[in-house]
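One chain, chain A, links the two complexes that follow: it is found with chain B in the first and with chain C in the second.
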Partner chain A sequence: MTTRTSGVFEEGTAPPLTSPSIAMPAMDFVVQWNRCGITADYLADYLAYAFERRDVARSVITTAANELLENAAKFSSDKKAPVRIAARLRGDVLELEVENVADADHVDALTSVLDALSRGEASSLFASRIESPERGGLGLIILARDYDAQLGARIVSVNGGSLDKTFSVTVRASIAADEVEQR
Partner chain B sequence: MRFEVRMARSREDVARCQYAIAEVYNRQYGVVFSEDRSDLEAKIEPWPHRFLMVLHDGDLAATVGLYLRNTYVERYGQVERADFERTLGDEHITDMYDVGRLREITKLVVKPEYRGQNLSRFTIGCGHSRYFCQTEADAPYLITFCGKRSIATHIYEPTGLTPRCVKPFPVYKVHELYRSPEDPMDSYLLVPEADIPPRWYGLELPGEYEAAELLPMETAS
Partner chain C sequence: MTDYQIDLESVPSTAVLRGVFRLATPEQYDALFAPLAERVGKAQAPFSVDLTGVVLMNSSGLRALADLVLAARRAGTALTFLGKADVPWQSKTVASLKPLYSGLSVKLS
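Right after this comes the complex of A and B.
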């Protein structure tokens, strides 16, 4: 089993004040796509209590969580495997994380976007994607551009060996609490 | 092989059909589904309102859906009332049917383990039983569908159904892995009494049937 990271995948050091998580089969989202939004809304409602500007925080969190969930559900290579979304509020930073199973093609595309975002290329990436028929990763780019989110991924080979085809991918978006409240 | 054919009535039956369809459509075409919204550029498809189940020993072997209203052809096919009326042609038929009353057969799926037995033709035939496609109707509806030309020639026509081609179906991202320039999509119309053989239109549902007995023109491939 090999593990690598892409983009900015640094976990905060402060202990989390709250850390809810939810998991469900990716196929549940495929069957009713609105479940992505419902799940994101639930998580946002749950977390918004920790913020003073709750309505603003709720809106930002639900947008970010929905982008992460839709990506995870869409690119899950095994739709019967779970998609897990977790949040950790570490005082000044909110970490949102989704984990799913993906194939090598998706991992290559994802790491390319995350590495470019870590080099501060959000605006140029956004401009090129919006003009292109290939919109892959646009949601992540918007999170980086609009909320200054730090984005990264941990990629773990599931089946080991040189013929790796399946990976457990954990994408994390870290957003400063001030950005969550749009201060 | 003998199959039980019935409309999905319970929430559990509907969910079985939806998961069977979603699994195939997502794997093959990257499509997702929603009851609340559709967006063909985002590859989000609307769920049909009713589902027909083809079961073998209780196992769902195949399913097909039915839009009772707001058909895909009407919403996305850019088909005008005049297009439908022109397709109907015959004055007698035009008097009998209102082209504003349409239902659509859609989302045919045969589970992989049941393929190679002409079950797609059998299921499409059963889907045109009036006990399914005219269910809860106070007057007969015209039946429409959209699909690749190969579906019309390889599934509909050998089943004895004679769909009338209305016009080419526009290009949407949702069909990028389905259609091709060599096999484009069209919108079709079927007039029940004229285009659906009585053995299908009058097929009593629920019922148990031998697929081969209802597909006399074809042998299993």
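Right after this comes the complex of A and C.
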């Protein structure tokens, strides 16, 4: 089993005071897409109480959580495996983390985007994706560009020796509290 | 459960969108936005899209809005997005579509 990281993925030091998490089989989200939004809304409603500008915080948190969940549901290579989302309030930073099982093609595409975002290329990526006939892949770019989210992933090889490699992928978006409240 | 609505009839030269837009795929947005895209592509007069009643929109929906801007650019139709300044995805992402087309206005109330 090998582990690597892409983009900005550092382990936090202070234990979070609040860290709700939810896990469901990817199939649940695929067969009823609204469950992505329902789950994101729940986390946002719960966490928004930690912020003074609650309505704004709710909008930003559910927007970010929904993008991460939709990506995880779409790109889960094993629809029976769980998609797990966790939120952590670490002082002045909100972390949203989504874990799912993915194949090598998705991992390659994801790490390419995360590495580009960590180099500060969000605006140029957004512009090129919008003009491209290939659609999709905007969610993480929007989080980085419009909410200044620090994005990264931890990628663990689940069956490193086999031909059909699969990976446990944990994508994290870290958003400053001031961005969550749009101050 | 449908939690979104597109009204093309109530306000002249305006599409009024309401609700939560979190469709699963770009293709689903293509189907939903097809009548709207057709009007934008054929409009002789300026056309508006009122987003003030839209609570949330996922990135596939924002891509669909960008596609409307590109359709307006091809047709030379002046296009206006109406939104709210205190709704982050509108004030940030929708407003950021302006560089795509000089004929696009974004008015945030």
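Everything below uses one rule, namely that the second predicted complex is superposed on the first by the 178 of 183 C-alpha atoms of A that agree within 3 Å, B and C clash if a C-alpha of one lies under 4 Å from a C-alpha of the other, contacts with A are read in each partner's own complex, and residues count from 1 in each chain.
Here is the rule we use: a contact is a pair of C-beta atoms (placed from the backbone, for glycine too) under 8 Å apart; a residue touches a chain by one contact, two chains touch by 3 or more.
Because the structure is a prediction, the values reported are computed rather than measured.
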item: Touching partner for A:84 - first (chain B), second (chain C), both, neither; value: neither
item: Contacts of A:33 with chain B and chain C, given as first, second, both or neither; value: both
item: Contacts of A:62 with chain B and chain C, given as first, second, both or neither; value: second
item: When both partners are placed on the shared chain, which of chain B and chain C touches more of chain A; value: C
item: Touched partner set for A:54, first chain B, second chain C, both or neither; value: neither
item: Residues of chain A at both interfaces, chain B in one complex, chain C in the other; value: 33-34, 74
item: Chain B - residues contacting chain A, complex; value: 15, 18-19, 22-23, 26-27, 30, 32-37, 44
item: Complex contact set, residues of chain A against chain C; value: 33-34, 36-37, 55-56, 59-60, 62-63, 66-67, 70, 74, 126-127, 130-131, 135-136, 138-139, 142, 145-147, 182
item: Residues of chain A touching chain B in the complex; value: 27, 29-34, 73-74, 79
item: Touching residues (chain side chain C, partner chain A) in the complex; value: 1, 3, 20, 22-24, 26, 55-56, 58-60, 62-63, 66, 70, 86-89, 92-93, 96-97, 99-100
